[in-house]
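Next come two complexes, and both contain chain A; in the first it sits with chain B, in the second with chain C.
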Partner chain A sequence: MSKPTTSRGESIARMLPALDYSKIGISILVMVFFVFFISPIWTGLVTAFKTTGAVTGTTPFVPPGTEGFTLEKWTTAIDYLSTGLINSFIMTIPSTILCVALGSTAAYGLTLVDWHRRARFAVLVLFMFGIFIPYQAVLVPLSDFWINIFAVDGTMAFLGDLPFFTERHSRLFAVTVTHVVYGIPICMLLFRGYYVALSDELVEAAKIDGASITSIYRDIVLPLSKPMIGVVFIYQFTMIWNEFLFSLTLIGSSNSPAATVTLVLSGLGSDLSGVDFGLRMAGAFVAALPTIIIYVLFAEQFAEGLASDN
Partner chain B sequence: MADTGETETVSGSRAAAHRGAGDDWHGRIRRFSKSDFVRGLPYWFVPFLIMGFGVYGGIGWNTLISLTDYEGFGQPPDLGDLDLEMYAQALQDPAVFVTTKNTFVLMIAFTTITMILGLFLAIMLDRDIRFREKIQTIYLLPMALSFVVTAQFWLWMYNVNNGLVNTVVGVFGLGPYNWIGNPDLVLSAVIFALIWQFSGYAMVVFLAGLQSMPDDQFEAAKVDGANTLEMYWDVIIPQLKSSSVSAAVILMIFALKAFTFLYSMFGQYRVPQATDILATLMVREAFQLQNWAYAAAIASILLVMSLAIIAPYLYYQYKQGSL
Partner chain C sequence: MAALSFNRTTKTFSDGNDEIVAVDELDLEIRDGEFLVLVGPSGCGKSTTLRMVAGLESPTGGTIVLGDREIQHLTPQERDIAMVFQSYALYPHMSVRGNMAYGLQKSTDLSDDEIDNRVRTAADTLDIVDLLDRKPGELSGGQQQRVALGRAIVRDPEVFLLDEPLANLDAKLRAQMRTELQQLQDELGTTTIYVTHDQTEAMSMSDRIAILNAGELQQVGTPLECYHQPENVFVAGFIGEPSMNFFDVTVADDRLVGDGFEVSLSEESRESVSGTEELVLGIRPEDVVITESTDEPDAFEASINVVEPYGDENAVHMQFADTTNDSDFVASIEGMRRLKEGETVGVSFPEESIHLFDAESGEALRNRRLEDEAHIENPEAV
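Take a look at the complex of A and B:
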């Protein structure tokens, strides 16, 4: 009686792939961490679609039913943050482009151009310290510079006739320049890693042919840099968009017409209704939207930038 | 005798060559101006000047301000009277003591746990699993978000009445806890949120280290009959030393300057004392209280602390030949 059943059981087991317990364990762990990483974001997303009543009345991570559903928080948040979004674009795009351009040329001058090896190394070390120093160490001089020495509020007054430009936007100019200054070292380092790994052959061959430093950069290095330009642009755009300390200290108030989106968002918490979590969550998503879009499209490049910034 | 004669000849010919070049200094200048050094100069020197002005000029100016008594609005600092008074004041300030202690607690707990979690995640994802790229993208997503944004999420997560964290611990019959309001819990809550944000980063650094590792190491360990756990512990993890050092340095430096997350979470310069670190104290002294010189002195302390991490790191990288 028992014999046929066991043999039959064995044959079925033989037909199935072997149960690999470690594989199942890993799959479960992967799922657990997936939930861990996504839950604050997911919870925020569903909360942003809930009416104030539903925010407190329902379980935080469950999407709202038809009764508790509203888009009102999103429209309020967009209204509130729209100027900040525009300001952030005005600041982030030029400063990112300049960081990428200057980072690339600096890395070129320090890797593929052949000059005094030890001096080159010393310059590189000075750039490296520029990556790591805490910005707190330059905050007091920075605000002293932009308010007392360069007095950006007065100096930029001649731009006042431009459409859209207000006196306060001079502060936005100050933040943009500040981001260029402190963004150069990391961009230099990212490009440097790429140029060091670049095959020497092309550059050496061009040198033997008598190509100048400039034409080597323009005709050989720059075209080869295209993928890295993408990586650095994505990385630096995200960093500058997300940055807050310079905006806070140089622009000052979240009510300022020059306030960037992160600065406005920090005010959304404190001076509008502090308990309206639906609005806060919607605001957080609106402020993060450009970086989320870039991340979804170019996650690989972002990860590459992160992994090579050391 | 023969030896001396030979030396003389050599040095003689060298001197002659030198004299020849010296006569033709026009040519030398022309050759110098066409050298790679001069032609390459605009490429690196312009960015270097801009960066140097901001970083080293800024640090120098900050040090100078820290020696004055500069405070209040609208006036430039008085450089006539320099002393170390602000540093003396900082050493006696109980706030500096508390924030330094908190800075170290945050730095050590945050860095250690993030590294361990990041290493674990990297090893997990390095095994052959399905949808790996998609999963990595999700794990790294918090790193693409601003601290202002993630602080909003975690404020909601930690909400006493409706937050998800209390819902989850409630399943185990615990809580609800006032994560943000309770001074005993708030620092741990902040550290947990920061670990959430940064462990994806540590994972990416370790993954890069794992993937650049030669396969023969694994094979050799397998032949030796090592089990999986032994293989990781004895063979693979020791090889990740350079990745670990890089990740640890980046995380520690971040912990030193973590200001944005704390400010955004509490919506003001004055954060709860249990989470007050040197970075928040410095910004508060400067931009809320206008004690510029005192803030500059605290910033100098912060700078020295970070240099104590960066300098050995750069030296290590130099020794490794990876700089």
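Take a look at the complex of A and C:
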């Protein structure tokens, strides 16, 4: 029998991690960032539940008391934004799906299909240009195109005969198509990174199995792209949903029946009597809700896609 | 099943302005039902050759004939071939059944029932029936290997192409699969081209070996032909493990003179090397004779550097004792025979087991004499 060579206190001290200053530093940094990011959201959220009086009467990040609490701002905001929300969905869903579909097929054609190497590179360069075009630079030609060259107001006038739609929705159609066009390059690039990493032997095995270019895409590449589709879908949905400049240029007014939610939001809660901060905050949260829901729905695929991309 | 032949088949890649010749005018015939192993160091053009048969690369010159039709311009699905890849390239989102059925669905008009039957039969042959509903990700390396083979045999092709299929398996499984693959090919009788860089695989599995180096065919022959009758220095050095020892020698009358040793030549050998003075002498490690003394003719002293025991044999790395020649050479001796590192022993290179090559061209001028020629000529009779 051997005796324990250390006392009880010593052995407990040994089990505790040593005081590590870098760990403490990291913890503090994380907390600082947490506060930095969370405080505006928190402040916005509590403001949305305050009456106009409470907004001016209380400190911004302090929750409202019982008399300062109201849900009225939320109901007003939902009421005010509902058409804009519907318009945004009408625009965002088809354009996102088209961006994903076209981006993925373009990336497939530029990576896994074997054709003229130089021509392939030239096309890739064109896509790269597409990514870096500043939106501000194309606003004038863009509106010129949709109003004069392809006069969307005239050609899409039949939209007025459909339920819910009005003639002004032709402009929403123009915004949708514009988003598809400007979204394809970045979607292509995201898919390309994924396809370049995909094993060549897989595609070659399918070729030897007798699959054509289209069936290789449909049977092999597309099912394997699922995680990336999640990533691109979330990314593109958020981009298009939050986009303001194209809507402003092509649809114009927040009073238009075709106005998207971002456009309506810009006019929400400000009139001659001043700014209604509670309403603006509630409106901002309502407008952001769909993107949050999309994140939650696709979170698993998103994480998987990001992990497999690296 | 059919024979396959390459006729002056060439493949060059252009890299900017440089032309890289991957396969240079390859002439090779693979007989109907033969198991041919293409072997060579990496970058020798063996995989490119295989990929040209598969239709994944198109030759820049010459023809490839399968049976009685030229196939070099056909798409892979028109060629009636099946290939097993080094990475197996199983479709990760499909079940084993789906993986095996995919080729039949794409390249035949068979009904679903017939496809299912054929998948089942192939799975039966490979003993993977109980894996049919699993995904490749759930299988071990060895099982994936079987599925990849299954995907090939279910097609019942004219030719199997195997690209280093055993490279990703551990040593024990690899040895087991070597035997199984051979038996399988025997049963099916399908013409097979097997690419590997591993000369042990080449020796043990093939009916014939084709050795490539730098895009050029070096020799085609049975494993024992290539081992005992190499046509040039490259083949001699590539086939065999540990590799053959080489020494620069010159002819002086009836003797070969190297740096640190001499070998007397017989009349016959002298004739075969006549006209050439600069030679390379090659001797396999197992042919190096180690004696206690240097009394025997042509014996010289060598000191032992390292002894690598393999159990059944020892590889003895040695150095010439009396000269400045510090080149190392290897002898294999029986496992039970003990030699100590640092010991000095007598060594001789028996004249009947040496190979002689032209120092300039590398071509074999004289190969080791074999007592049983018939044994080599027709190894299948054994």
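Note that in this section the second predicted complex is superposed on the first by the 271 of 310 C-alpha atoms of A that agree within 3 Å, B and C clash if a C-alpha of one lies under 4 Å from a C-alpha of the other, contacts with A are read in each partner's own complex, and residues count from 1 in each chain.
Keep this in mind: a contact is a pair of C-beta atoms (placed from the backbone, for glycine too) under 8 Å apart; a residue touches a chain by one contact, two chains touch by 3 or more.
All values reported here derive from a predicted model rather than from experimental measurement.
Colleague: Chain B versus chain C on the shared chain A, clash or fit?
Modeller: With chain A aligned, chain B clears chain C, so fit.
Colleague: In the overlaid three-chain picture, which partner chain does A:Leu265 touch, first (chain B) or second (chain C), both, or neither?
Modeller: The answer is first: A:Leu265 touches chain B but not chain C.
Colleague: Regarding the shared-chain residue A:Ser199, is it in contact with chain B (first), chain C (second), both, or neither?
Modeller: It touches chain C, and chain B stays clear.
Colleague: Looking at the overlay, does A:Pro40 come into contact with chain B only (first), chain C only (second), both, or neither?
Modeller: A:Pro40 sits against chain B, while chain C stays out of touch.
Colleague: What's your read, chain B or chain C touching more residues of chain A?
Modeller: For chain A, the partner with the higher number of touched residues is B.
Colleague: Under the stated touch criterion, which partner chain does A:Phe69 make contact with: chain B (first), chain C (second), both, or neither?
Modeller: A:Phe69: touches no partner chain.
Colleague: Once the two complexes are overlaid, how big is the angle at chain A between chain B and chain C (Cα centres, nearest 10°)?
Modeller: Here the answer is 70 degrees.
Colleague: Classify the contacts of A:Gly130 with the two partner chains as first (chain B alone), second (chain C alone), both, or neither.
Modeller: first
Colleague: On the A-aligned overlay, A:Asp209 touches which partner chain: chain B = first, chain C = second, or both, or neither?
Modeller: second
Colleague: In the superposed arrangement, which partner chain does A:Phe277 touch: chain B (first), chain C (second), both, or neither?
Modeller: The answer is first: A:Phe277 touches chain B but not chain C.
Colleague: Shortest C-alpha to C-alpha distance from chain B to chain C once the two structures are superposed, in angstrom?
Modeller: 8
Colleague: Do chain B and chain C touch any of the same residues on chain A, and if so, which?
Modeller: Shared contact residues on chain A (touching chain B in one complex, chain C in the other): none at all.
Colleague: Contact residues on chain C for chain A in the complex?
Modeller: 54-56, 75-77, 81-83, 85-87, 89-93, 102-103, 106-107, 151, 155
Colleague: Using the touch definition up top, name the residues of chain A that touch chain C in the complex.
Modeller: Against chain C, chain A makes touches at 199, 201-202, 204-211, 215, 219-220, 223-224.
Colleague: Would you pull the chain B residues touching chain A in the complex into a rising list?
Modeller: For this pair, the touching residues of chain B are 35-37, 39-48, 50-59, 61-62, 65, 74-77, 121, 124-125, 127, 129, 133, 135-150, 152-157, 159, 161-164, 167, 196, 200-201, 204-205, 207-208, 228, 246-247, 249-250, 253, 256-257, 259-260, 263-264, 267-268, 279, 282-283, 286-287, 292, 295-296, 298-300, 302-303, 306-307, 309-310, 314, 323.
Colleague: Touching chain B in the complex: which residues of chain A?
Modeller: 22, 26-27, 29-30, 33-34, 36-41, 43-44, 47, 55-56, 59-61, 102-103, 105-106, 108-110, 113-116, 121, 123-130, 132-145, 147-149, 178, 180-182, 184-185, 188, 212-214, 217, 238, 241-245, 248-249, 262, 265-266, 269-270, 274, 277, 280-281, 283-285, 287-288, 291-292, 294-295, 299-300, 302-303, 306-310
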